[in-house]
Amino acid sequence: MRHAFVRLSCVVLFLAIFGCGRVDRHSETVELWHWMTDRDETLQKLARQYEQETGVRVHVELFAPSDAYSNKIIAAAQANVLPDIFGLLDKKPIVASFIKAGFVEDLTPAFEADGGAWQAELFPPAVDTNRFLPGNVEGVKPGIYGVPIDLTNIQLVFNRTLLKKAGIAEPAKTLDGFLEQVATLRRVGVTPFVSGFGEIWLVDCFASNYAFNILGEEKVMRTFQGEVPYTDSGWIEVLRVFDRLARAGAFMEGIVTKGNKYAEQDFALERAAFAFNGSWCVNVYHDMNPALDYGVTTLPAADPLLPMRSWGGAGSSFVVSAHGPNKEKAIAFLHWITRRDQQIVLTHETYNLPSNREAVVALPEVLGGFLRTMAHTTHPMIWSHSEDPVVVEALDKGIQAIIIGDATPEEIAARVQKVKEQQLRKLRRPGGF
Amino acid sequence: MARDRSVILRVVQNMFLHVFLMTVAVACLFPLFWMVRSSLMSKAAIFTDHGLIPRDPHWGSYATAWVKGDFGIYFLNSVLYTVCVVMGIVIIGSLAAFAFSRLRFPGRNILFTLFVAAMMIPLPGSFVPLFVLMSKLHLANTRLGYVLCMINVGLSFSILLLKTFFDKMPTDLEDAARIDGCSRLQIWWHVALPLARPALAVIVVYNALNVWNEYILATLLLSDKSLMPLQRVLMVFNGAYQVDYPILMAGLTMTALPIIGLYLLMQRYLVKGIFSGAVVG
Amino acid sequence: MAFLPANRAMAVRPADAARNFFFVLPALVIFAVFYIYPFFELLRLSFHDWQGIGPMHWVGFQNFRELMADKVWWNSIGHAGYITLIALTFQNALAFALAIACDREIRLKRFYRVVFFIPPVLSEVVVGILWNWILHAGVQGGEQVGLLNNFLVEIGFPQMVHNWLSDPKTALTCIAVVHAWKGFGWGFLMLLAGLQTIDRQMYEAADIDGASPWRTFWNVTLPLMLPVIIVVVILTILGSMQVFVLILSLVSQGLVYHTEVPVTRILGAMSGTNQFGYACAQALVFGAMLIVLSFGLKKLLNRVRWS
C-alpha cells in the first residue's frame, strides 16, 4: 500500500515536470513583460478589454523586483527571446546600445502617421524622453523608440500641518530662505527633510538639479565631456549645498542609508516636514495616510536668478521588439493604451499622471501640483551627453560622505575629478569606447 | 550535606541555563510574533497602533492575500519544485557523497575538490550565460530547467555535508552487509542512507528552504505566471511603490508556515538518538 | 576512527572503478552542464570590456589590473572579513553552546530546538522591515522612532542614542549582529545533528572516569565534532563573505563605501555602472580567494585534530 502510494506520487511528479512543463504560446499573442507591481492589475484589465474590442490577445506578464526584471531583459536579449513589448529601465547609453544592437523597433513612422496625430496627443516631455535627436553622441539613428504610458517628475513635497506648527506659511523659494525654515523647524522639534538618499539615483537627481541651477546646462554637459573639471568652483558650490543643509540639521537622522520606501513611510507618518520624491508618491502617501495634508513645489534655488529644474518626463515607457512576429499588433496596442479613455483609467486607478494631454480630468489636488511643476523639468534622457556611471557613483557616494561629515566638498570634488580623469584615459585608450 | 549542595548547584545552573536559552528564544520568536501581529492589523492601524496585541484583529488579510495573490497555484508550484529538487539532491548528492567517502575510482579527490570549490564562486556573474545556455537547451521557461538549476545550486553543499557524515560513520555494518553479498547500491540504500538520517534531515531542510525562498533564478528562467513559485507573490506584494503591509505580512506568514512544519517533521530524524546502538569513533 | 575501505592499501580493478564512478555520474553531469559552461563564460567575459549589451572589447588583463588598484574593492573584502569574523566567533560559539544545551536532557528542549531555527526561516523582507524599525534613528514629536533608541531613553541612557546605521563606526557592526542573529540557527542545526551522532556511552564512560564536564567536552565532544565543525566553519565563511541581501535591506545602496562588501560591488558593477567584464573579474578573484581561505582553514583545522 505504502509502496504503491510512493510510486504513484513519483509518476505524478514526473508528469508534472516533464509533461505540462512548457507553456506553448500562440505566436499571434502579443507578449508584454513589465515591472510595475502597482499597475499590473490595471494593465491586465486593459489587456482583457483590448481583446474584447479587437480580438487581439495581449499576454501581460509582471516580473518583480525591477532589478530582476532588468537582468531578465539583458539575458533575454542575449538569447534573442525578447517579448514583443518590454521596458528598458537603464541609463541612456544602455538604451542606445539596445537600439544599436537592433533589438528595438523605430517607432517614428507610427508616431508621425496621420500628420503626427499620435505624437500630438501626448505631453511633449513624455515623448522627448523616448527620442534620440539628430546628431546624438550615442550614434543612434534619430527617432522615437519608446511609448510613454505616464508622466512623472520629482519635486519637493511639504507637510502643511507641520509647517503651520512652526509658523511657516509657504515653503521658501531660495536656499537661504529654506535654511532659515530648517532652523525654525528644528526649534519646534520637527525633523525638516527626508528622502531616500540611500539610493544613489535620488542623490544624483537632487545634485543634478542644483548643478543645472548653479552651473547651467551647458557647463554641466561640458563637465560630462571632460572639459570642465569637478574642481570648478560651480561644482564645489553644488557640493556645498549638501554641506550647508547637513550643518543646518535639515536631514533626518540616518538619511544616507534610507531606501526611498522608508523615506516615504517617514513622510507619510508626519516624521518630516519636507521630502524629495516623485509624483508616484501621491499613490503611496494616500495608501499609508489618507489624511496627510501636503503640497508640492520646486526645490529652493541656490541661485535665485537662474531657473531651478528637476527631473521629469515619461515615468514608464514601453519599447517594441524589432525581432518579434507581432510588431504591428504591439504598436497598435501601445497606441491604444495611450488613448484618452485608457489613460484616464490608468490615472485614476494608480494615481499617476497621464501621458495623454486629454486625459487630465478630475486629477487629485497634489497630482495637479505635480502637473504644474512639469514646466520646470529636464531629464538625463534628453541631455546631449551622459556622465560615465563610474563617475556618477563616485559623486553620489561623495555627497553621502559630505552629509555624514566624513569629507569636505573640496575633498570630494578632488576625488571625483580623479575618477573622472581615470575614466577619460580609459576612453582614449585604443579599443576603448 | 554535600549531596544537597550539589542539588542546589544543579538547580541554580539549570536556572541560569534556562534564562540564557529563554533570552535567545525570545529574540528568535519576536519577529515571528511581530509578523503575525502586523498581518492582523488594518492598513490604517499598522502605523499608529503600537500595542503588542492588535486591538481589533482583522483576519481578512489572509483571505485577501490568498485570493489577490493567486496563492493556490504558486503554492502548488513551490511544493512541486521543492519536492523535486530535494528528492533529486538527496538521491544524486548522497550517491556522489557515498562514492567520495567509500568507493575508489580515479580522480576522486580532484572531483570532490572541484565540487566544493564550485560553491565558492558567486553566482550573480553567471546569470546571463546561464540563461543563454538554458535557451539553447530549450529548458528556459520549463519546470524541468528550473528544477535542474536548483539541484545544481544545492548539490555542492549537500555533497560536502553528507561526505563529512559518511566519513564519520562506522563501516562495520557495511562490511557485514558486503559479506552478506549486498551490492554497493544496496549498501548505499539499506545501510548508508538510514545511518545518515540526521545529515539527510539537515540537507532536506536546507535545500527546501533554499528552493522555497528563491526568486532570482525563477524570475530569470521562467516567463509564465503559471510556472512561478510562491516568492513571486511576495515580491509583487512588496512592490517598488506601494506596499500593503498587512497583506504582505499575511503572505509572509503563510509562506513561512510550511517550512516551519517541514522542520518540525524533520526534527524527529534530526534528534532521535538513532545511534545509540552503533559504535561511533 | 572510521575506516575508509578506499584508503586501504588495495588495488581497485578497472571494472570496479568504472562501476564506482557511476555513483558520481549524475552529479557530475549536472555540474558540468550548469556550472562549467557558465564558469568559462565568466572567465571569457572577465577579459572583455562589456556593458551587458552591444559589442564586447577584448582588453586582456586590464580588468584584473584595475581590480588590483581598486581601493574600494579591497576595503569591501575587509568589511566582509569583519562580518565573517564576528560570525565565526560570536555566532558559532552561540550556536555551539545552544546545540550542547539542547543535546542534553533538559526541559523544553523540543521548544528551543524549534524556536532557534525561526530566524533562518524568515524571509529577508521581514528581517529588513523589522530591523529598520528597531534601528530607526529619527525623532517624532520629541520621541525616538526607533525601538532601540526609544529603549535606551526609557532605561535612562539618552546619551547612548545613536545613528546606528548611518555612522561608519557602528554600521558594519550592526549589520554583523543582525547577520549573526539570522544565521546562528544553521550552525545550531548542523552541530546538533553532529552531536546526536555521538554515542551516549562515550559520555557515560567519561562520567564514570570522573572527568569534569569541561574535560569531557575537550576530550570527547570536540575531537568527535571536528569534522562537523569544519563544515560549519566553511559554510559560515561562505555565508558571511557572500552576504548582501541583508545589507541592501538595512542600508539600501550603502553608507558611502563603509558598508560595501564584494557581492554588492559585483552587483553594483553589473547593474549600477554597467561594467559586466569588471564584475566577472571581481567574481573570479573573490571566488579564488574564498577557495584558498576555505581549503586553507580546512587543512589547518585538520592538523589540529592530530596534534
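Here the chain labels run A, B and C in written order, and each chain numbers its own residues starting at 1.
What we mean here is this: a contact is a pair of C-beta atoms (placed from the backbone, for glycine too) under 8 Å apart; a residue touches a chain by one contact, two chains touch by 3 or more.
Everything numeric here is computed off the predicted structure, so don't read it as measured data.
Peer 1: Any chains in contact with both chain A and chain B?
Peer 2: Where chain A and chain B share a partner, that partner set is C.
Peer 1: Go ahead and name the chain pair joined by the largest number of contacting C-beta pairs.
Peer 2: So the chains sharing the most C-beta contacts are B-C.
Peer 1: As a test of understanding: of all chains, whose mean C-alpha position lies farthest from that of chain C?
Peer 2: Of all the other chains, the one whose centre lies farthest from chain C is A.
Peer 1: How far is the middle of chain A from the middle of chain C, if each middle is the mean of its Cα atoms, in Å?
Peer 2: That pair's centroid distance is 35 Å.
Peer 1: Suppose each chain is reduced to the average of its Cα coordinates; what separation in Å results between chain B and chain C?
Peer 2: 16
Peer 1: Do you know which chain B residues sit against two or more other chains?
Peer 2: 128, 130, 132, 238
Peer 1: Which positions in chain A touch two or more other chains at once?
Peer 2: Only 71, 74, 269 qualify.
Peer 1: Which chain C residues reach two or more other chains?
Peer 2: Residues 52.
Peer 1: For the complex, which residues does chain C have touching chain A?
Peer 2: Contact set of chain C toward chain A: 49, 51-55, 57-59, 132, 136-142, 145, 163-168, 171, 250-257, 259, 268, 271-275.
Peer 1: Along chain B, where are the residues that touch chain A in the complex?
Peer 2: Touch list, chain B to chain A: 43, 47, 80, 83-84, 87, 127-128, 130-132, 135-136, 140-144, 147, 215-216, 219-220, 223-227, 232, 235-236, 238-244.
Peer 1: What does chain B use to touch chain C in their complex?
Peer 2: Residues in contact with chain C: 14, 17-18, 20-21, 24-25, 27-29, 31-32, 34-35, 91-93, 95-96, 98-106, 108, 111, 113-122, 124-126, 128-130, 132-133, 137, 148-149, 151-152, 155, 157, 159-161, 164-165, 167-171, 174, 184, 188, 198-199, 201-202, 205-206, 209, 213, 234, 238, 248-249, 252, 255-256, 259-260, 263-264, 267, 270-276, 278-281.
Peer 1: Spell out the residues on chain A that touch chain B in their complex, using ranges where they run on.
Peer 2: 13, 16-18, 21-23, 33, 35-38, 40, 61-66, 68-69, 71-72, 74-76, 78-81, 83, 261, 265, 268-269, 280, 283-284, 287-289
Peer 1: Which chain A residues qualify as touching chain C in the complex?
Peer 2: It is residues 67, 70-71, 74, 77, 90-91, 93-94, 97-98, 100-101, 103, 189, 191, 194, 196, 198-200, 252-259, 262, 266, 269-272, 389-390, 392-393, 397-398, 400-401, 404, 406, 431-433 of chain A that touch chain C.
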